[in-house]
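Scrolling down, you'll hit the structures one after another.
In the two complexes that follow, chain A is the common piece, with chain B as its partner first and chain C second.
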Partner chain A sequence: MDNLFSLDEFLQRNGGLLDSNIWMVLVVDINDIELTVTDLRDTLEIFSECSTGTISGESGVRNLINQIKEASEEYFLLWKLDDWDNNEWKIFDALRSRLDKGNKGGLLVLSEQANNLMIHNAPNFVSWLGARIYYLHKDAEILSDEECDRRLATLQEWTGKTNDDVIALAENRQLPTDPEYGEWLILLNRGDLLERQK
Partner chain B sequence: MSDRLKFFRRLMSAFEGTSNPQRAVERGFYVNLPNNPIGEITGRVALRPSSVHLLFGGIGSGKTTQLLLTQQALNELEDIKAIYVDVSLVTDISDLKSGALIAIAGLELINILGSSSSSDLKNFKEIIKKAAYGYTEYIPIDMTAMSWSKPREVNYKGLISTENRENRESISLAFSALSQAAISTTKKEIIFLFDGLDRLSKSKTFINSALDDVIEINKTGVGSILVGSIVIPYSERAYIAEITGYSYFLPYLDVLENVEAKQFFIEIFKVRDPENFIDQDARELLIFHSGGVLRDLMSLCQASIEEAYMDGSELITVQHANQAILALARSKVIGLTDANINTLRKVMTEKSFSPRTSEDFDLLLTGHILEYRYPRQRFVVHPILVPLIESMAVSLTNG
Partner chain C sequence: MSDKNNWQKICADVQERSLNNTYLDVNNATSLWAAILKCLTTASDEKILNAKQDEIRKLLKKGASSQIGKKGYTEIMGGGKNFNRTQDIPHFKLHNGCWFDFAITIDETCKPAQIIGFDFEIRFPQKEGETLVPFLRIDLNLPEHNNDERNIRFHLHPSNDDIMIHSPPMSPLEILHMFLYGLNIRDKPRSS
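And then the complex of A and B:
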């Protein structure tokens, strides 16, 4: 029943297409949230091609909204919303207009329980999400060697470039911004080069 | 960035349904709504500017767009000044206090009046500003007892952040004086369009704070249009019927029974995708499964575009539309309780619905149950959910 995606597929689907006030939710096992946020923090900026601010909700909803208001980033990664109660989500819903800063939207990383509280208490915000409630399929991250080679061959065919070409482009900070190039480096175990593109 | 990515970003942005609607209007994406109450509101306001109008509607039905267009239409009339305020941007509406709308409207009047005023008006401006933002007063301590001590500092919070009910009378008086001055300065009737209050989670706050303030504002000869949730006409029916004003309902569009509604959705595709990247069959499917909810149509279109992008396709086809429909249905079904599912099944079989309980109101608010008014009033389960609810019903029966 769930919209299950690996982190790579999630980034490919969404990172590249962000061009307006688009909000989405990634539902993650509560024990994996921190690691997922760390991964996303490193890669989201590359995929979305915009400055990304990571904002914690642990000091409450009003503080989070104020931080968004003050922040200069174009895109927001919101997390630590898992301790929010019904009332915090109702306030978040009431203040929805303050999330639209006239550029790009953001991503909420939530546990399943927090997602349910959001659904029940923030109907106006949920209407912004539409179909964009994704569930992280953790094990789907790991491709077999055969699957990995197949995907690399597809990317090579699509671009007419070799693996070495792509590494050279990344090393010279000339990598095109299409999300597929980010995926390519990750498949080559050269995710470290993504940092250099910032 | 590749041309393909640029192309898909452009297409996604054309079906943006969550940004400030003014941007869509400016991009030429606006299509006239059928059976639109806004024409009626504009006509009535033009005839009697100092009147109160309540506009109710569901989430994603296009209320803000209509309000902005009403403001535009009213400001084209030479003797009316229409002021749009998204209240949720000015104050924390989750803690909306009685008097807050008067203070917010008062601040707008101060803007209109500028700095040149008589000393009386300056005093009234000060009252409104203090009421809105709060202030600090220094009260001298008894000099004989503690002559060395500093005055006691007392902080009064503003109405925009917290209530200060005892000042209500002076605020109303100040607002009245400022509104007369503003009408006289502009030589125009003033009307406020208050948006964002449909997101008040408690109906009583809408009645006791927002509506009360608007009635008070109206006593000074200033008109208002106030947006409210779809639930209010049901939960506060008696109160709404009693107030001296007009109420309107912006329903979802019945694309099955209303030819004009269907045509409206077809027009949306024509203006947002003039090159037909979304093929005709996919459009039909998306229109039907939107249930006549504008924001759901936009969500479905964006999800279809995303599917086509991932698929490597240059066109958005029925296959992509079907994937998008399934994804939105999955999102909408999250969190439904057994009782909710039973209610939805009942609406599907009995084809009627009388919302009474808070659960019923929630299903209306979240758009799981849709209310249409044209060509006739009817309630339906959102069409995107019907196959899932049917399959759940079968599972439960087979239990």
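And then the complex of A and C:
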């Protein structure tokens, strides 16, 4: 799929567009929407260098449009549109000019089902979007198991210690302070042991 | 101020000054990861960094997926672990022949999140006759419940793993900028 992007690729490719009046859609597994919106809230401002408002559509389309009208932010992240029915999307389409507040655009985070409803009921807005409907490849920026094992093997070779040795040192509050030992515990999913070193 | 006790007091004072003036607070690990991604992507666009966007994505990774409401400790890694300084381990390469990697540990159990450890190492092009790879490494060691007796938690290694000098108060992003834009390699050594 051409439009399947990881979060880092999405930011790299679209970071420059966030500063212009362009709207985009990111389609996400419905169970991942909340976490994705959190990640986007943390990262979009860094790439766009403009203030970003996160606006929920759970109170309906007219409420969403009003929130956008009142908001002081320049760029908008819209979510919780997944319960909208055909009619809500038709109203959204009719009111689309209210989204245009100047020279900045926004991003809709939608489930696959909501994206289909939008495509069928908001043809004018979809025309605005053009090809900018993207699908999220989740967690591609997270270290893979294979990469994790490789780093652990390198740490073991460097120190002559095993994973169990390092866990035992941390449990006994004798973890060496070299930064590599913090990484080691995190790679073992035992970051909790860093708490004991405080 | 010539005896060892005084030197240790000086170390403690220098470390305190350095750490008190270093930006180690971050919103969270994801925002720091994004700032690093942006910095590297910009350097790639400017041809400072010899890595395309997809290569940056392969090299820059997060070590743990934080869950909402259950924040812990996270690692951001740029390039592979490379204690032996061999070029076959994945790394970032600069247009001037320098190459580097890094790893950062972030404590997200507190608000704001805090950077509690990192290692950044840049290696310089080897000249004819050199047997060891010249390098500069900047480490922030993990905090310790007992004061580090050497009081040199935040230090740099100037081409020698055994020599430690107090680091200037530079955050990870500032060190990354220094690697990308601040180290000009001359063909000939500066004349004395």
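As a working rule, the second predicted complex is superposed on the first by the 138 of 198 C-alpha atoms of A that agree within 3 Å, B and C clash if a C-alpha of one lies under 4 Å from a C-alpha of the other, contacts with A are read in each partner's own complex, and residues count from 1 in each chain.
Just so it is clear, a contact is a pair of C-beta atoms (placed from the backbone, for glycine too) under 8 Å apart; a residue touches a chain by one contact, two chains touch by 3 or more.
Note that the coordinates shown come from a computational prediction; the quantities given were computed from them, not determined experimentally.
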{"item": "Which superposed partner A:151 touches (first chain B, second chain C, both, neither)", "value": "second"}
{"item": "First (chain B), second (chain C), both or neither touched by A:102", "value": "first"}
{"item": "First, second, both or neither for A:94, with chain B first and chain C second", "value": "first"}
{"item": "Which superposed partner A:177 touches (first chain B, second chain C, both, neither)", "value": "both"}
{"item": "First, second, both or neither for A:6, with chain B first and chain C second", "value": "second"}
{"item": "Which superposed partner A:194 touches (first chain B, second chain C, both, neither)", "value": "second"}
{"item": "Contacts of A:38 with chain B and chain C, given as first, second, both or neither", "value": "second"}
{"item": "Chain B versus chain C as contact partner of A:186, first or second or both or neither", "value": "second"}
{"item": "Chain B versus chain C as contact partner of A:57, first or second or both or neither", "value": "neither"}
{"item": "Touching both chain C and chain B, counted on chain A across the two superposed complexes", "value": "9, 12-13, 177-179"}
{"item": "Chain A-touching residues of chain B, taken from the complex the two chains share", "value": "1-2, 5, 8-10, 12-13, 16-20, 59-60, 86, 88-89, 92-94, 196, 198-201, 295-296, 298-300, 302-303, 305-306, 309-310, 324, 327-328, 330-331, 333-335, 362, 365-367"}
{"item": "Chain A residues touching chain C - in the complex, by the definition given at the top", "value": "6, 8-9, 11-13, 15, 34-35, 38-39, 42-43, 46-47, 139-143, 147-148, 150-151, 154-155, 157-158, 173, 175, 177-183, 185-187, 189, 191-192, 194-195, 197-198"}
{"item": "Parts of chain C lying in touch with chain A, wherever the complex brings them together", "value": "27-28, 30-31, 33-35, 37-38, 41, 53-54, 56-57, 60-65, 67-68, 72-75, 77, 80-83, 103, 105, 107, 109, 116-119, 139-145, 148, 153"}
{"item": "Chain A - residues contacting chain B, complex", "value": "1-3, 9, 12-14, 16-17, 19-23, 49, 62, 90-91, 93-98, 100, 102, 105, 115-116, 119-121, 123-124, 126-133, 176-179"}
